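Each in structure tokens, the structures are laid out below.
In what comes next, chain A is part of two complexes: it sits with chain B in the first one and with chain C in the second one.
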Partner chain A sequence: MNRRIWLMSPAVFLLLSFCVVPLLIMVYYSFMSDGAGGRFTLQHYANFFQKDFYLRLTWKTIRLSLAVTAISLLIAFPMAYVMARIIQKGRNLLLLAILIPFWTSQLVRAYSWQNLLRDGGLLELALRKLHLIGEGSLGLLFTPYAVVIALVHIFFPYMVITIYMSLEKVDLSLIEASKSLRAGPFTTFRRIVLPLCKPGILAGCILVFVPCLGVFVEPRILGGTDGTVIGMVIEDLFFEIYGWNFGAAISFLLLSMILVVLAAFSRLSREEA
Partner chain B sequence: MFLTNRKQAIFVLLLLVALLVSACGGGGAGRSGDDGASESPDTTKSGKQEKVTLRVINWKDYGSDDTELVGQFEELYNVKIEHQYMASEEELLTQLRIAKEGTIDLVLPNASILPAAIEEGLLQEIDVTQLSNYDSIYAPFKSLKENVKDGKVYAVPWVWGSTAIAYNPDKIQEPIRSIHALWDEKYKGRIAFRDDFNDAIMTAAIALGQDPNAPSDLDAILNKLLEQKPLNRTYWKTGDEFSKLYAGDMVDIGLMWSGQTATMKQEGLSIRYVIPDEGAIGWVDNWAIPKGSKNSELAHKFIDFLISKEFQEAWVNKGGPAPVNKNVSTSLDPAFVEEMGLNEAAIEKLYFISYHTPDEKEQWNEIWQKVKAQ
Partner chain C sequence: MIRKCVGWAYAGFILLFLYAPVIVLMAMSFNASRYNALPFEWSTRWYEELAHNEKLIDASLNSVYIALATAVICVVLATMLMLWFVQTNSGLKRWIDSVVILPLTIPWLILGLSMLLMLSALGLDRNVPVLLIGHVIVSLPYTVLVIKARLESLDLSIHEASASLGANEWTTTFRITLPILFPAMLAGGFLAFIISFDNFIISYFLIPSGSSTLPIEIYASIKFGFTPEINAVSTLLLTATTVVIVVIALIMRTSLKYFFK
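== the complex of A and B ==
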């Protein structure tokens, strides 16, 4: 092996000590009973599956994350496509525009959405001026829709970046070859470009879906009474009642679900290669 | 490649500067080291004298970090009060457990964590003889069972309050008297209930006529809370969330703390507080000294300062919560005293939050999670 692989050691060290080891510690505690004299127990996992509302809540969170991922993809793909294949000059400026929101704290953005979506807020006033809604309230704030809007706003840049990167790599000569074989633009897109940028799409979906599963700030601020997600349950367990072991168990279960999804995705992407 | 000409470069530079300036301006939610005591007073007389730092853990904007109010203590004893902020009582308990001895001098626990903190030996005994104002505290507070163990005092009551109903008198003309107002269909969509398992269970218990500290029928409580849920605009968790909702005219009535309602009144909002006939939740905040604090004597002096008539009166007039010092209410506006329940009669109606075992807490928390998940 090339000796320069040791250049990776700081990153590996960080990942191991601050990501992997804490995860293992969390897994360890999820199998321990509460209190000082912890014994091995499966009680936390049993508790999660016995109370049906935890599973229902997790499923609700998965649906929310899928919705956010799908909408992000619908918005991000055209934008990435235009940036990669159509625009020549303003590309970097657009990239900057995508990256700027990252410089603002996520909490500030969530509160901004609260301000925009509220009754009497900008969005309602604008839509009313355009005669798109009537006199009644917009009714978006404190519903799951507000949460989806805010999450899409926060996460779709990730999607744009990954899709853009893989679209950029598409070899122009392949496109030309396809044209020379008299394929129309749509066929070229469907059979050459799309398969080649699949890794980018999959990576983008993962980058959006996984964090959405664990989100808890935006649902609390924007979701109203129906906006509970499993992330909020974990947050309460850690901050409200010191039920860390149970919180760890739920977190580990979420992690396992994500790993299963990732495995499925990687199988998909390998088949395409 | 990226900055191909000067115009682009200037544009990006301006953007960065704008962002830097806006980042310096405000802060987000969360910790801040010494927010209240960041200006050092003009003690050029003492010159090179080393200033002692008293480290306090408290809620943000809660009296002890108000430079106006504690400034004279800092000057008198040449001490700098440094704050760390807590977001929940459980977090404070965690802090006490993991902090190195001697790094914290004063903390503000309430009944929910006091027994655990005392049991685990995290707090040191308070010498009440060092507190000249201790006898001015209302009698019921001095005998709270969570503050004392084996005849030793571990916590000094400081302020107390209730969690009851706050409403907009301009929108709701007829005066509210019952806790069932939170379940009234008339106010559907304009109510803000609290997202906190303790407040939720206890309020539902009071509404059902059960003892909030030992509810007899948790299933009935679950159903009562489910009944209440669709009537809300949303739930609120931190005080500023409710302020935003109320000030933004998104809610007219909610479950709220007496202290913050008083502050909101002070800020000019039209808001009325009422302790319902059925009763309300009461709470007491106490000062305690963690074991191993190196400034124990100074901490005692600070506690004495904080329970003095002067401080408590000044703070109540600024919008602080109810004082434990009985000499204060004589100097307040009687209408204010009546509304906020700052008298013995109101104290009688309150159910003070008592200690619950971790199992009980878990059980209550699960009921509340179930309500929220529905």
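== the complex of A and C ==
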């Protein structure tokens, strides 16, 4: 054993007692009946699985998160590729430019999308000037589409950064070798570049998908009645007197789902190695 | 050449998407209309009102204090943890690695309310120390990752060299390891600051009633009628922080990389 163990104990103590223990307490609460002197019960879980409403909402949240992850990947990969492989001068400037919006509040950016997306807002005016749309209104704000746009906007920079880091490390001589073996650009990309930056892509997907499952602010600001997600239900339950235990149960189910996803991802990335 | 043009065009398109909401909010902070109505009419009215809005200024100051404390605590804890990592081959390492990463894999909504549940289980009210610990928990993984990236790029033989020249462990730590880690410590502290400063969800669940932080004020304002003073304060903060980032980036060009590791 190491005598310098005191160096790591404060951080580990803090993480165990304020991250792991609260999660265990949450699990405990989810099995307790409401009110004082709670007893063991499976009622909250039964509630969740019996009502179509919660299952539909969960499925909707998963679909929303998948959509955000897929769109982020689609727009972030070319950006990372451009930064890592095409542009040499100004690369650091681009990295800086991608980082700076992190410094404005997510809430304010979400609100700012209201200005852009609303009927008669800036996007509508711009598209009309370009003759891309007719006289009709855009009808984007207060729909799930608005939520997807705002979430992609918030999360895709994480994806750009993780993919950029793995692309930057790809050995150029491998690409040369592939070319000299007469592979076309597409084959080189599919057989060499893509597998080598798979860890970056997977890490990026996790950094987007997991937080998306728990969002509740952006849907509230932009989603309207059709944009409800499971995070909003959890938030609401915690502002009700007898909602905590049920809220804990839904949170635990959400957490289990995330653990399954993470396990799948870590298996995918281990297969590669 | 064509590749380059297409590349820059694409980068420009992405930056437009990234910056559109930011530019809109900056422009709206100079728009006279309370409801962000068009056409645009120049005014500095919201900045004047901001200067008199003590609630918003107090909330912003609270956010700065909490973020500063979070950054300092995170840097100290992460550096200690990483010094231990250099000096040991313990089998605990892998296990501790996953504990440190844990808060990254859990949505903040769940982290925040599980801490709230713990307070309630202990019969405690929401309080500032727990709020601060909550901020440290969500920021610490990022600080650790930044410092660890620096450590992994480090040639460990430099420690042996130092030892073989007769330096004891403390001398090695203070003369060799810490100076090498310093840029990463600064970058990690910066990251912790911004994560805490912008954190709404953890504060939302753990803030004592009667207190508030800037993100909480912003959320309340969005929910119950937006005031353009929020645009004004965001513009000021963005300008200030951009200047700080650029200055730091210029001072230590190399360390910019560690924001991404």
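As a working rule, the second predicted complex is superposed on the first by the 256 of 273 C-alpha atoms of A that agree within 3 Å, B and C clash if a C-alpha of one lies under 4 Å from a C-alpha of the other, contacts with A are read in each partner's own complex, and residues count from 1 in each chain.
Note that in this section a contact is a pair of C-beta atoms (placed from the backbone, for glycine too) under 8 Å apart; a residue touches a chain by one contact, two chains touch by 3 or more.
For clarity, every value in this text was computed on a predicted model and none was experimentally measured.
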Side-by-side fit of chain B and chain C on chain A, or clash: clash
Which superposed partner A:I100 touches (first chain B, second chain C, both, neither): both
When both partners are placed on the shared chain, which of chain B and chain C touches more of chain A: C
Touching partner for A:T228 - first (chain B), second (chain C), both, neither: first
Contacts of A:L7 with chain B and chain C, given as first, second, both or neither: second
Chain B versus chain C as contact partner of A:N92, first or second or both or neither: both
Chain B versus chain C as contact partner of A:V108, first or second or both or neither: both
Partner chain in contact with A:M26 - chain B first, chain C second, else both or neither: second
Touched partner set for A:S251, first chain B, second chain C, both or neither: second
Touched partner set for A:F49, first chain B, second chain C, both or neither: neither
Touched partner set for A:W59, first chain B, second chain C, both or neither: neither
Chain C collision site on chain B, chosen from 23-31, 167-175, 185-193 or 365-373, when both complexes are overlaid on chain A: 23-31
Shared chain A contacts, counted only where both chain B and chain C touch the same residue: 92, 96, 100, 103, 105, 107-108, 120, 220-221
Chain C partner contacts - residues on chain A that touch it in the complex: 1-2, 4-5, 7-8, 10-12, 14-16, 18-23, 25-26, 28-29, 75, 78-79, 82-83, 86-87, 92, 94-109, 111-113, 115-116, 120, 122, 125, 153, 157, 161, 164-165, 206, 210-211, 213-217, 220-221, 231, 234-235, 238, 244, 247-248, 251, 254-255, 258, 262
Touch list for chain B against partner chain A, complex: 2, 8, 12, 15, 19, 28-29, 87-88, 90-91, 93-94, 195-197, 229-230, 232-235, 237, 241, 244, 248-250, 358, 361-362, 365-366, 369-370, 372-374
Interface residues, chain A side, partner chain B - complex: 34-35, 51, 53-54, 56-57, 60, 92-93, 96, 100, 103, 105, 107-108, 114, 118-120, 141-142, 220-221, 223-225, 228, 232-233, 236-237, 239-243, 246
Chain C residues within the chain A interface of the complex: 3-4, 7-8, 10-11, 14-15, 17-22, 24-25, 28, 36, 38, 77-78, 80-81, 83-85, 87-88, 90, 96, 99-100, 102-103, 105-111, 113-118, 120-121, 130, 133-134, 136-137, 140, 144, 194, 198, 200-201, 205, 214-215, 218-219, 222-223, 226, 230-231, 234, 237-238, 241-242, 245-246, 249, 253, 256, 259-261
